[in-house]
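Sharing a structure, written as structure tokens. Questions coming.
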Amino acid sequence: MRQSGAPRDEKQRFPDKPKEECGVFGVYAPGRDVARLTYYGLYALQHRGQESAGIAVADGRRLQLYKDMGLVPEVFHGRDLDQFKGHAAIGHVRYSTTGASSPINAQPLVFRYAGGMLGLAHNGNLTNVTALRARLTSTGSVFQSSTDTEVIVNLIARYSQTSLEEAVMKCMIDLQGAYSLVLLTERSLLAVRDPHAFRPLCLGGLENGGYVVASESCALDTVGAQWIRDVAPGEILMIDENGLTSRQGIMPRRRAHCIFEYIYFARPDSHMDGFNVNRVRREMGRRLAREYPVEADLVIPVPDSGTAAARGYAEASGIPFEEGLMKNRYIGRTFIQPNQDMRDLGVRLKLNPIRDVLCGRRVVMVDDSLVRGTTSSKLVAMLRDAGVQEVHLCLSSPPVVRSCYYGIDTSNEAELIAAQKPLEEIRRLINADGLHYLSMEGLLEIFGDRRDDFCTACFTGDYPVAVPEPSTAGKFSLES
Amino acid sequence: MRQSGAPRDEKQRFPDKPKEECGVFGVYAPGRDVARLTYYGLYALQHRGQESAGIAVADGRRLQLYKDMGLVPEVFHGRDLDQFKGHAAIGHVRYSTTGASSPINAQPLVFRYAGGMLGLAHNGNLTNVTALRARLTSTGSVFQSSTDTEVIVNLIARYSQTSLEEAVMKCMIDLQGAYSLVLLTERSLLAVRDPHAFRPLCLGGLENGGYVVASESCALDTVGAQWIRDVAPGEILMIDENGLTSRQGIMPRRRAHCIFEYIYFARPDSHMDGFNVNRVRREMGRRLAREYPVEADLVIPVPDSGTAAARGYAEASGIPFEEGLMKNRYIGRTFIQPNQDMRDLGVRLKLNPIRDVLCGRRVVMVDDSLVRGTTSSKLVAMLRDAGVQEVHLCLSSPPVVRSCYYGIDTSNEAELIAAQKPLEEIRRLINADGLHYLSMEGLLEIFGDRRDDFCTACFTGDYPVAVPEPSTAGKFSLES
Amino acid sequence: MRQSGAPRDEKQRFPDKPKEECGVFGVYAPGRDVARLTYYGLYALQHRGQESAGIAVADGRRLQLYKDMGLVPEVFHGRDLDQFKGHAAIGHVRYSTTGASSPINAQPLVFRYAGGMLGLAHNGNLTNVTALRARLTSTGSVFQSSTDTEVIVNLIARYSQTSLEEAVMKCMIDLQGAYSLVLLTERSLLAVRDPHAFRPLCLGGLENGGYVVASESCALDTVGAQWIRDVAPGEILMIDENGLTSRQGIMPRRRAHCIFEYIYFARPDSHMDGFNVNRVRREMGRRLAREYPVEADLVIPVPDSGTAAARGYAEASGIPFEEGLMKNRYIGRTFIQPNQDMRDLGVRLKLNPIRDVLCGRRVVMVDDSLVRGTTSSKLVAMLRDAGVQEVHLCLSSPPVVRSCYYGIDTSNEAELIAAQKPLEEIRRLINADGLHYLSMEGLLEIFGDRRDDFCTACFTGDYPVAVPEPSTAGKFSLES
Amino acid sequence: MRQSGAPRDEKQRFPDKPKEECGVFGVYAPGRDVARLTYYGLYALQHRGQESAGIAVADGRRLQLYKDMGLVPEVFHGRDLDQFKGHAAIGHVRYSTTGASSPINAQPLVFRYAGGMLGLAHNGNLTNVTALRARLTSTGSVFQSSTDTEVIVNLIARYSQTSLEEAVMKCMIDLQGAYSLVLLTERSLLAVRDPHAFRPLCLGGLENGGYVVASESCALDTVGAQWIRDVAPGEILMIDENGLTSRQGIMPRRRAHCIFEYIYFARPDSHMDGFNVNRVRREMGRRLAREYPVEADLVIPVPDSGTAAARGYAEASGIPFEEGLMKNRYIGRTFIQPNQDMRDLGVRLKLNPIRDVLCGRRVVMVDDSLVRGTTSSKLVAMLRDAGVQEVHLCLSSPPVVRSCYYGIDTSNEAELIAAQKPLEEIRRLINADGLHYLSMEGLLEIFGDRRDDFCTACFTGDYPVAVPEPSTAGKFSLES
């Protein structure tokens, strides 16, 4: 149980994408195998976090917890899930946005407080956590981890003179920023979403009764649950032996759903807050084609994140779609890095250009976003090596110019290429014949009259909730 | 080091596909990091075998070997490849076709014999191994594994009075069946292909000198080697300090390249024996569309194996292509199986239908082949759950009706649904509205005047090399 | 990170001894490798706890922590201790007395509170922890583990308006029971001993400056420190850049050093609170010989715990000492248990009688204590099998009749054979020809005019600090 | 499965002792749990080899094998021994004497040959293995490991035209050097001892029928078998459904039992070839006292190997015996080494002087042997630090001046301090006040009229079997 030091496998991540955040899952289903349902639910949410995974199960009397660093199947490999009997469970997959990559920061947290036992799993990021933590420590709280989540836990404990729901409501008055929470007591399951509804959270029903909540609807599908609705901004759902009750925990504010979920994070088969992810991505590609029509022979995606948009581009432009880059499906986290002798092979290990398809062609290459630009320039070079005549790089999102404070680990602004350099210079740096970002307007039009319901801060700097001083963003850690 | 017992994770394999066989890789490149090149080469060949991996390195004086059960990155995780210095190396990824799934059967084999040290890695399957092994044991040989490869090793040792090349030539007279071999001595690298050229094997060149041999050209791409040519039927390539020499080890027989490499096994970005895999698959889809034109709203693939053919079908039919089934990319080998409570979730964990795309539509679902039919019937049920109106299942290969004895683990004939039931009954069993296999003629036409250069035994029973008695096929094991 | 469930390897412990408790270690030595010194110190204290181990290091700015389940070398195997740079460190080895055997209960605890960061390691057991925890939760504290230690942590945090030393002093007013603590801040090391001084704690000096505190003096020897003195009852030692300062944290009460440390727990090469452990044990044997003189041919120990006393018995009686039972030094924690077929082999795997030495002899077998009696009866049977004529079992402690509430895991009273049955019945049950316990008076006389300085509650029921209701003793857990 | 490279944990061994060799175990007992009996038997033999362990089980039809690197409990931890059903089994623990420390060299070997399947485990070392291997490879044998054992396997296979017993007899004509073998076929168990009977091997009987063979009698005790007799020089024991049969495989030569078994290797509770190990060691001490009477206050052993001799010295001299050095029982293989800062702590981690016992005293320190002298000089320094006035080092064996070629890994002669320097210089180097080796004559007298039955080559250079050229001793490896 390491509590500090460098995140493991740090160098093995492909650095040119915003990092995934977290996924949460909860199920209340007496008579069902809730631990196993949660295991499969987390499996479906694995793309939202690959650093740690955990499940807590309630059986009416107590909570049992198992969590560790690693992918869902790694963490639970060899575990006898049948030992985790209960009627309700919550689960979490994590990619660290705050707090070091460390076992002590793995979730769910399970703790004992005046109200009994409580388990909690959190997706999102608070913006006022430093102030809240200071307030709590000044009156005697202690913190063993560097997560936002432990702050929420302590706030709930402080407010626990009456019911848990009321404690959560009081807590919501304190919390600023993004939080989609699932809570587990000995006898009930709660789901909570912040008043802006930054991060997704939806509710489903199981065939023979029972409810499921999850970050994305694909997890409902996986466990055989029917989607019912999204959890509303500021809503508290409580599920127990009396069934499902809802209350407004705090007044909703303007919706600010993370738009990057649609661009990159969410699974294409999920729908959230009214939109199907795959459809949105396809439409981004169509709009790209209209905004940036080029003479070309092929449209190719950067798999997998650019595939849907590339297909949209091809449809709208009439240019044939081809899979010109073959992805190695076995690239994992324990990959040995190339040394000096092979320094140019890095991207090629992951993506191999199909020369047959590409040689002599003019190509539109579609990706979802450009963060630091390093991978893109290698891809362009690789395409040229494969005999491509022209490369036009089309991105299905506007330029990322600001950091996110609501649960996504974009690089800081000094590393964001679009924050530092004009378009033409970027194009030259990556040696593309053309470079086009989807316009902000083009992106928003996809959502029609719902266009104002999204957080676009990373493109516009228009932060729905006040952000901390730059110097402290993402810097708090137990070690500081 | 387990030498017997049930293969691990047996139940975790999706049982409805022919099993991948093995992949081999070899490099001769003094001055380069040959161990690391082999590591990356095996990475690119990982789809050919996920049970064990190994690398042997020669430094002019000795051979060093490291191998274990697991994926390439698992086997070498934490290994310091820099310790494996040398000028030549061979590597192997394995999916057991003969011999139990056991560390003792992992390859390469490295052994000491009268000629010094020798490493050997094998892709393929011998048909006369029982007779050869009996002949060898009767004159004093011992066998520690149940692999064909150890038989080849012992034959070479018996013929080693003169040069290794001559020993290999004598050995080729004895061997019947499929073998693509790479051999490593202290000072040289050899590549050998059987006279029918069942399994692929190609040669590439490195920029600053040095040669690479690999099962598929995608491995050449990955390590930055230029494709030179395929190894010829019956050819022995020898690479040492004097460069590359070729000799005809045995008279070539009629070519019998495994046609299933093009249908399912090989990576789409590989080209082998004159044909690009991706193009062949696309063309299969186009021919499917012409052979079986249906009224439908969508063409969807069963990802990833049906993707290229589905795209071809869409092109030829004009019916829009959609990714209607979302694949969970994190499904791995250590997956905990659903229990009784969730027995219908098995396929859904791997593939999730996108309801938005599918609901109310008539769908052509394209897959590469139908072996036992169990997965297909679940997929059809899942599509119907998602509101699909009609499902037409199109397969880009003819019915698989016979077992393979040349290195592929198809089920035995009693389990092959097409060997047991007429088309219409299969259609009814899987509850599809239509079912169509690509015709044998349609398949062969793709290869034009080269149509007779392929082994089609699994479709036709036309075995290019006499096969063993049914009772002994694939049954030898150390335990027997 | 398992937080509940059955302790692992529970069945593999030999159940007939009181369980070891915990060991603590601390070092303040700028310029030295404090992590490694702590590692070796814990190594020397390994006999005090084999379930988990941990080290926290302070570098003036922050605390780093590593801990896990397992023996010291297992926990730190493959860890690069050189990464843990600092000027002070604390360490802990644990055998769970309260709290489940679980990673979440491993120590040290490291947490952030109003005063900065604090690390804490604890040996002992509080008797009023349930009341303290209730008081804390009622005012908003949360508990993630089931250890006493987390209660101490929260109390300190509540009292942290002024200095840490004052917070510890306030905390000592609340705490009842046994505690030897080491605390680590960014810049200082503290050592605290309860006012009865139940558990040992001593201070040593390093050659070039620097201080060490440890549960036993053998740990000072191991790291090359000179013993200075024992920490006094109720004393707080503070070591920082200004050197060592001492203050009386709370008024000392009557000394109540655990007498079982001398009988069984402590290493023979330690001296604590004025007495050398080996000498005390030897003297126990001498007194046994005088209290229970028998006609016998040999004195044999039950190794290793009975060895020193057996030697004393031999000296005083003149009967030759022999090692009649050979101990297998490789018995470890991962031992596969005998099944029905071999149910009588259990003790024999650990101890083998040397027939040559024993056959035909009358034997005095010396052990340190008798808890449940199960092992003793097997040993007697084994000796008789080896041809022993007479077996006299002599125990170097009085009958254990009461549970310990101060940090030792004796069985509960229903399982203590001496609490349930008269001496003669016990003798018959274990089938010995004679059975003798060292008398209480004989034991105390060893300590001369210090005889009243010890806790003898497990023999006498004379508890120096009020004990909790029987029903709650050792029963609190996070799961309850 | 590493086949080459440096032995793991090489540096963690305390280098100043001859290395243990191997232990073998076999059981034939239909109806009993033979795998588990073998597991416990290997446990009792663990002191003979800690690098790898393995068990092969025969069920009348086939052999199952499991082996790996590590201690017996580590190798079989988590294994379900109940899966290894059978009526006979063999096992092996190994410390590499020839062959690298590598999984490929772990034993038993299990192989298929003309006669069916055969398992083989070997304790000892052949002196003509290079010639035998050359002869075999020249006629077509291949070797996958660098062990002597694979050579024996191949010889047996070559001679297998008739029965296995006859093949073994022919093989014994070829083999020179030391070998105690257990062999396992589908239906029988064999035990074989070389004509000099270098290494121990004994036979025992189980209560309800069934036989056990083992390197040492302590393993018989552990599994509840009664010792019957030692296997005779050149004898072949065959156990099958017809019971036990014995035949003289080869004419016995002069007995040459390894005398170092009695000095250091064997467990004290074993008796072998007519002598109880503990008694021999005690007598060595008595003779030491007579040969080297000194004025001293205490006799202390270097635990554990010097304990029995120290006790003998004390008895004969009348000087009190004390345990002046406390051994840390938890020192294991995964121990992190001290760095420069703590370079003098090395021995202290393992052995701690008890100052109370030692301070101001004149001490006789008894150890079994002196190989390189490095540890002894540290021990003497440590004793002086603890206030010892005089240190007389007494060794219960004569000076080790020659290498062993029969299965023990003494250092080579250049490293043997007694081969390089005169006694007085050694005494000065280790800074002892006196140094005495047991005389050759004194050692041999212990064995009375059996004094010529032992191999004393390491003391005398009188090798019973011709040894290989120095340059090749112990140097063959697969890599050479």
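We just call them A, B, C and D in the order they show up, numbering each chain from 1.
Assume a contact is a pair of C-beta atoms (placed from the backbone, for glycine too) under 8 Å apart; a residue touches a chain by one contact, two chains touch by 3 or more.
To keep track of the chains, here are their UniProt names: A, B, C, D = Amidophosphoribosyltransferase.
Every value quoted in this text rests on a predicted model; they were computed, and no experiment measured them.
Under the contact definition, chain C and chain D share no contacting chain. One finds 48 Å separating the Cα centroids of chain B and chain D. Per-chain Cα centroids separate chain B from chain C by 59 Å. The set of chain C residues touching two or more other chains is empty. Applying the touch definition to all chain combinations yields A-B, A-C, B-D, C-D. Only residues 1-5, 54, 62-68, 83, 103, 106, 109-114, 117, 137-144, 153-154, 157-158, 160, 478-480 of chain B touch chain D when the two sit together in their complex.
Residues 32-33, 36-37, 39-40, 43-44, 46-47, 50, 71-74, 76-77, 79, 81-82, 218, 221-224, 267-269, 271, 276, 278-279, 304, 307-308, 311, 321, 323, 326, 328-332, 334-336, 338-339, 341-342, 344-345, 348-349, 352-354, 356-357 of chain C are the ones that touch chain D when the two sit in their complex.
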